[in-house]
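Chain nomenclature is as follows: A, B, C and D, assigned in order of appearance, with residue numbering initiated at 1 for each chain independently.
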Amino acid sequence: MKISIYTMGGTIDKIYFDDLSDYTVGSPQVGEILKEAHGAFDFEVHEVLRKDSLHLTDEDRAMLRARIEADPCPFILVTHGTDTMADTAKALMGLPGKTIVFTGALSPARFKGSDAGFNVGCAVGAVQSLASGVYICMNGVVFEAGKVRKNRDAGRFETVE
Amino acid sequence: MKISIYTMGGTIDKIYFDDLSDYTVGSPQVGEILKEAHGAFDFEVHEVLRKDSLHLTDEDRAMLRARIEADPCPFILVTHGTDTMADTAKALMGLPGKTIVFTGALSPARFKGSDAGFNVGCAVGAVQSLASGVYICMNGVVFEAGKVRKNRDAGRFETVE
Amino acid sequence: MKISIYTMGGTIDKIYFDDLSDYTVGSPQVGEILKEAHGAFDFEVHEVLRKDSLHLTDEDRAMLRARIEADPCPFILVTHGTDTMADTAKALMGLPGKTIVFTGALSPARFKGSDAGFNVGCAVGAVQSLASGVYICMNGVVFEAGKVRKNRDAGRFETVE
Amino acid sequence: MKISIYTMGGTIDKIYFDDLSDYTVGSPQVGEILKEAHGAFDFEVHEVLRKDSLHLTDEDRAMLRARIEADPCPFILVTHGTDTMADTAKALMGLPGKTIVFTGALSPARFKGSDAGFNVGCAVGAVQSLASGVYICMNGVVFEAGKVRKNRDAGRFETVE
């Protein structure tokens, strides 16, 4: 089995330097997570962007769609900021023959107690088990694209009808 | 969605005291893992045993099968020691209407860099995505019961034909 | 033995929420650190400010000096942002009968691999071992106030003559 | 400043493999701890033994004493199992011109929430601040050799008159 991974930035990849610099989106953490978890499958990490997801544009989403469409791998995992993850997932709907699963994190992967490792695990488990389509794995729940939103106040994702 | 969780012990739950103590199997860690990951689904943890999986007997496996058979929940997650996980998975085959996913860890959940959080995430993602049957999620791979073994030397699970 | 602890904010106490939030200075972490380390001495945490140390004023420093001067405890530990730690340490010189040790962190205490626990340990070890005076414990080195600066480029503290 | 470090094994260095192997004393963790803490001083790690401290003999202690006596460095740090740390500390008393500080951990350095980083920090802060002599830094307290014991039931070190 091989999973093709696209990284768009977001909280999962946020790093911190010191008093002057606050935070910034760093290099993709998903490879580190898979290495630490002793993942026994092939994967390729494609670093697409290092953006806070609030700054993603329609062009960014079109570019991601084009890259995934051109990728022969049927199993696609996307790491992405949480604020507009639902929008980007929707923008990838309709690509035949591919199971595309988005995930990210509510606290940076480099934090103690981050949800990043669990979330990537959840996405990896789902991507190889689901039929073709676009999904979001957050808070341990597999949501279908187009039927999910982030509830900022509650700090979690939820189904929307 | 609700997931019913059965804990059998194993490395994932191993704790450590001090020079006079060995590691022993402690209380189930899966609830802590789901809490830390902000799981947004219902779950119930049934603590069955606190055994190193090398010490599990046929009676233990029959008892687990009976308890899961009597459980109306269709989504079942089992945390289990890795050495005989494949045997117990096989012993649960043939229960209709249930997706049963086993997971565990190669290093205790309380260790820095443990694979436990990732593995539980993987099992949670798989259990709600797969058809009925019995599966093992280890090393980021979903294996079917009866077609998987632990390769002790390589320190990972692999398909067996 | 009792240690009286004053917290001024800084990187050690920085927390993180999500894409819409910056890191902000949260509640003091030093108490959590001492609890996790099974500290077997009395301590009292006085939360003074939650400031990035670049924003500390002369009034803030005068207020800290007055509070410590009025504190009968001979062992004083101050957690503080690193950028102006050397300035605040200097501003506390000349208080008789007190050993005052500053520490902080280059990465937030809540990060994996943070230096916060080590640094607080170093300060705790030093404060009960040194003669009266004002000191900074960073990078595992005990510096005297007035003879130390932060080298931002190198990311560490160093002696200045 | 340079610190010469001797490692004797003990809980701080305990590692864990999997169901069959339980635990064992692994390679010294103190160097990893100092690296992670961005220690800005010179140090040399001398790996002496990898023993659970209950198995240390009088010969082991005599050998450690001889090695430290022959070491020109005035600042000596010893990592050691906790159960007989007090005995070994006593066995090193009377070496002139040296400040010798013992430390270790109640939970392995590789555990989440281990006291190892804090304890090593405490020992590093103390060793460069104290007069010649032999000391133990555990639970954030600097004890003099000959006046300290481990209270196993309470899980901490305490002064003995």
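General remarks:
Definition applied: a contact is a pair of C-beta atoms (placed from the backbone, for glycine too) under 8 Å apart; a residue touches a chain by one contact, two chains touch by 3 or more.
None of the values given here were measured: they were computed from a predicted structure.
Over half of the residue-numbered contact pairs of A-C are shared by just one pair in A-B, B-D or C-D, which is B-D.
Between the CA-based centres of subunit A and subunit D the separation comes to 44 Å, rounded to the whole angstrom. Centroid to centroid, with C-alpha atoms defining each point, subunit B and subunit D lie 38 Å apart. Taking each chain's centre as the mean of its C-alpha atoms, subunit A lies 25 Å from subunit B.
Across the assembly, subunit B contributes 106, 112-113, 155 as residues in contact with two or more other chains. Pairwise chain contacts in this structure: A-B, A-C, B-D, C-D. Of all residues in subunit B, only 10-11, 14, 16, 18-20, 22-23, 52-54, 81-83, 106-108, 110-113, 152, 155 touch subunit D in the complex they form.
Within the complex formed with subunit B, the residues of subunit A that make contact are 1, 33-34, 36-41, 106, 113, 115, 117-126, 128-130, 137-142, 155-158.
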